[in-house]
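Got a structure for you, questions after.
Think of it as A, B, C and D in the order they're written, each chain with its own count starting at 1.
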Amino acid sequence: MTSHSLGRFLDQYRGAGSFLSVCLLLILVMFGLPLFVSTFGLLQVTILAVMSIFALSQGFVWGFAGIMSFGQAGFLGLGAYAYAVAVINYGDSTLAVPISIILSMLFAAVMGYFMFYGRISDAYVGVITLTVSVILFQLINSTSGSQYRIGVVELGGFNGIPAIPPLNLIGDPSRPLDQTGIWYATMGGLLLVYGLLRFILMSRFGRVVVAIRENETRAQLIGYDPRLFKLLAFVTGAGIAGLAGCLYVNWAGYISPGVFALTMSAQAIIFVLVGGLGTLLGPILGAVLIQWLINTIGDQGAVDPGLGLGIILVAFVLLFPKGIVPLVRAAIQQVLTWRKRNVGSPLLADADPLQSGAE
Amino acid sequence: MDLAGLIAFNVVTGIAMLCLITIGLGVIYGMMRIINLAHGELMMLGAFTCVIATEAGINIWISIFVLSPLVVGIIGLVLERTIIRFLYGRILDTMLATWGISIGLTGLIVTIFGNNVRTLANPAPSFGIGEYSTSLYGLVVVAVAVGALGSLFALLRFTKFGLILRATMERPGMAAALGIKPDTVYMATFALGSALAGMAGAVLAPISGVSPVMGVAYITRAFITVLGGGAAIVTGTGLASMLFGTIDELVSFKASPVIGSVAMLMTAVVLIRILPTGITGRFLRRSL
Amino acid sequence: MSDHNQKLFGRRTVLKFSATAAISALAAPAYLRQALASETIKLGCIMDETGPLSLEGKPMAQTTKLAVDELNAAGGLLGRQIEMISYDTQSTMQLYTQYAQRLALQDKVDVVHGGLTSASREAIRPIFGRARIPYFYNTLYEGGVCDRNTFCTGTTPAQTVNHLVEHGLKNWGKKTYVLAADYNFGQITTDWVRKFMAAGGGSVVGADFFPLDATNFSSTISRIQSAAPDFVVTVLVGGAQTGFYQQWESAGMKSKIPLASNVFGLSNEINSMPTSTTDGIVTCYGWYPGIDTPASKSFVEKMEKQFGSDLTGMSELDVTTYDGIMFWAQAVKKAGSLDREAVLAALESGLSYDGPGGAVSLDPATHHTIRSTYLGQPKDRKWQVMETFAHQIPSDSGGQCDLKANPRLNKQFTPVI
Amino acid sequence: MTSPNPAPARKLTPLLEARDVTMKFGGVTAVDHVDLVLNEVELRCLIGPNGAGKSTFFKMLTGQLRPSGGSIRFRGNEIGGAHPHEIARRGVGIKTQIPNLFDGLSVRENVFIAAARRKSVARATAIVDEALERLHLTDIAGREVGRLAHGQRQWVELATVLAQEPELILLDEPAAGMTKVEVERTAQLILEINRTHAVVVVEHDMQFIRRIAKVVTVFNQGKILVEDHVDRVLADERVRNVYLGNSISA
């Protein structure tokens, strides 16, 4: 084995190792937690998992594709409303789930085509996504008359849609999931999304997406059409947000235009920023950490959660713009390199993990 | 006919309000290429300053035109020195940081004053247009907007400070060549933009009410007006306000305020798509 | 003040427990938690105590506290003390479902009083229905809810809006314009106005709906002027929308077109706004602070004594909240247990009592209250009662809601125009 | 090496044919009615003082700038104003003046991305291995490109251009910032590449030009000053004047 192929082997091995350990951890939590936690406790952690999926959508779009979406909540909301409308109309969640994902993706495709094929610069993409999510919020918020209905479902405007049935076993509406079932479904969704994103990032498509983030001009000069790749990445992210929306409704049993609000988009951005831009584990950790923090601050009532969130956001931008996971990873790497130097193995020095997607 | 007069008055007031909302953001964006997402909260602070000052017995006009700009200008200065200046040249990071400031300021004011709406008595009487009547305060808003745009134009066109600002805008190195630190120019610009935001918030307070979360309602509007207007601050803000303000008011009158606001935002999205550099990025490039 | 602190402290300890639920719940065996739960009777309160709706919500939470303290001072219920578990939903819809689930699943309360907007009621009503916890919605609303598990003690359009419309038709003219909050309360109430106007030979010439954060009413004021109605009915909710009244006055409209409202005054407007803005706006409620009966006066005194300067304006909402808790307490005593079926049966047995708003009885068929309502208007920061309507029936469901005969019914009846 | 012999393909359509190409920025004309014809497997050097319009011309060839006027044909197809990726797909590769790479990715990944378009992973991997070997980059294949020295980055960019397997290779100052040894290696490499590919090189280093050049085109103030065999060009009075005699004599 030559030194460089060993290096490559180690790259892949380490990538796969961390991937497997994260999966294992998620599976452990998924099946372990219901043994110890009450139904209400499960309800509390289910929202953390939902937010993790939402954070992964933002993490992929922003961290890997370099698209600054300030309106990711728009897709969360579309997915949520699509699920609610579909599941009540069909009386069965089997089709409602794909509908919620696909609707978000279609909307993102139209919006993405509009933005990326119009040579709109990065900051303006932020503006447009933000504006569109505000438009969605205002529109849905003003649909409270009984004339605004899709099938049998009144959109309800500010009121939202109450009493939305949860997921049922595929094809069998007579067997809805209970709280524990929804927990499994949500964690299953999280695992699926995590695995899917890891797969995408390993694939050529994912590598090109990352390359375009790194240097759009170079990618173009090589022959890749950045508009297409950005569009596809944006649509993928929207689909994931749509799934998160669908699971969010399952968690809450109720949906209101609040899901479209700017604070939701802001939260996703904070999750990613705190956890680590350009990683997959980061957004998950960020979501769990920050959501838990919001709940805790919100509960004690003396200080508005916004104050804490704002300070965290500014502090991370100024002090740790890369977020927790890369920070920890760099620290670990430093220790490893130091040890290696002492042991004197030159082979491993080149074996940086793939910068793009490994944790 | 009278009705047309009333609607025309509303449209002009709407345009003036949009100008006022936008101008502070426009100064900061135009000069520094920083999208200040805390702009709405700076307006909120201006409105709060005004409410607290008038409650303490200070004359409302002094509160609006002296205290609010002063207080918010100083707050802007502090923010620039402690946070923004470390992020120059990183447009997305400044967006994130100012968003953090925005959320934090809202949270701070909620924590101190509670999340309630306060009202400020309207200091102007009403007047009639034929058989219709409306508040004279609209004229105040128009006058302030015209005054603010005019003085900004004069500042840029006729003063040394304006020359330096324009030079720095063209090329950051220029200011250094003139013997002025770009750092100082940026600091002054951010403070000026903040002060304008503070004044705008105070001027609009008697119309809109004052609450810690009021900033959100303004930021998107200000944002799209700045980007729609393009590089020339005075002309761009003026033209974009005219376009968006007219659409908003007319559609609001015909349909409803929500549809009006949606129509305005849609126009903005389409405009930014067609003219990514804004109206003055394409036309009237030499204007200020 | 000390009472208030105590309440906060109590709430925090409860919440500290719940915040760490994910961890601490692991440790505490199920039977232990059950044992702790059975010591007190748990009354859940879910209310917007902060945020734009707090002007309405906070006094209601305070009233709940007052009522629970009174009951406890009188020895509690069934020999047990009542523990009030209160959550502040901060005027945020998302928090309603979150806290409702917490009340139902974790705190396992025996009854819930709360919910301010109709939107919040519709969000949490199904949760308590599923959890089989009796739910009291004590806010005046658009009427028509027909659900065996839910009791509504606030006034409804059939008791108030009809009188406002009659007053308008008689004194002002046949054309009206409605401004309403854009959610089910505003929409359905507007339909009621349309129905009552049509019945009286008048018409609604225009209706505008606003999101709760709307602050600029200039285009609407122009629209109203161009429609030239004889009077305007406002169904505007929350702190932001109260800005309308000042803009109305500063546009010089106050002297031109009269206003009637079934919401104005609920958020302390008569103290927070200039009298020139508020005086003369005609309203209709189940209670006004100025009502000159011993029960009414003593209620005001008790509230002022307990909450002092922390109390910001009182309204029908506080009285109906008080009524709701008293009816529940009466039913528990009568049932002799906290069992849901027994309590519901007792509630449906035709309870009545003399509350601050006069004689009130709980209608077994609709689960709404039969009570007196009053027409009133502000003058110099005081309410003037103009007219009294005794024994008002909550007939909003047009007789179709009879939960005694048809307990499985669960829907909201809306006006048919 | 061998004497200039661009004859064989002359009768066929030229590989690249620029006619009347003009680029105006506001009031400034950066490229002014330039004609340039390049045949298959030709090596052409472009020289000229800074600001003469060489890089602007390159940018138009690769689609980074849309010409204000004129036509650019690649194998007879108009490419003027086409998107950069479309031009790249037709077989034009460029090493830009300032190394232009995916800084956050490793050397191997950079080259892989270039190789992988429309190819199987196995084939792409083979190309990457070959390119890395050829440019002596194998030892630093795992390093992050953003952390490499300038010279190394130049090599990486060359590797990505090769891995792309283009028909026409544009090199903007390939020898800038290199040591003497590296310059020599670059020269050899270019000549080697030129056996199978057409190459256009922009360079200031006259020694380097002498080492590789056959036909040289001289740009000055947006126009072509002269186009001829390298020896004659370097002896030309006008060219000497343009360069103020500095580097030519070196």
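The rule we apply is simple: a residue touches a chain if its C-beta (ideal position, glycine included) is under 8 Å from a C-beta of that chain, and two chains touch if they have at least 3 such contacts.
From a predicted model like this one, the values you see are computed outputs, not experimental measurements.
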Shared interface partners, meaning chains that touch subunit A and subunit C: B
Steps needed, at fewest, to go from subunit A to subunit B via touching chains: 1
Most distant chain from subunit B by Cα centroid: D
Central subunit by CA centre of mass proxy: A
Rounded Å distance, subunit C centre to subunit D centre (Cα mean): 77
Cα-centroid distance, subunit B relative to subunit C, in whole angstrom: 39
Distance between chain centroids, defined by C-alpha means - subunit A, subunit D (Å): 42
Separation of subunit B from subunit D, taking each centre as the mean of its C-alpha atoms, in whole Å: 49
Residues of subunit B engaged with two or more neighbouring chains: 110, 115, 256, 258
Sequence positions of subunit D contacting 2 or more other chains: none
Per-residue multi-chain contacts in subunit C, two or more chains: 50, 90, 182, 209, 211
Set of all touching chain pairs, with the criterion as stated earlier: A-B, A-C, A-D, B-C
Residue ranges of subunit C touching subunit B (in the complex, touch as defined): 50-52, 54-55, 90-91, 182, 208-211, 213-216, 218-223, 225-226, 238-240, 242-243, 246-247, 249-253, 256, 272-274
Residue numbers on subunit A that touch subunit C, as the complex places them: 36-41, 43-45, 138, 141-142, 144-146, 156-160, 162-163, 252-254, 256, 258, 295-296, 298-301
Of subunit B, residues touching subunit A in the complex: 35, 83, 86-87, 91-93, 95-97, 99-108, 110-111, 115, 216, 220, 223-224, 227, 256, 258-259, 261-262, 265-266, 268-269, 272-273, 276
Residues of subunit A touching subunit D in the complex: 3-4, 7-8, 11, 204, 207-208, 210-211, 213-215, 217-226, 278, 350-352, 354-356
Contact set on subunit A toward subunit B in their complex: 68, 70, 114-115, 118-124, 126-128, 130-132, 134-135, 138-139, 141-142, 262-263, 266, 269, 273, 302-314, 317-318, 321
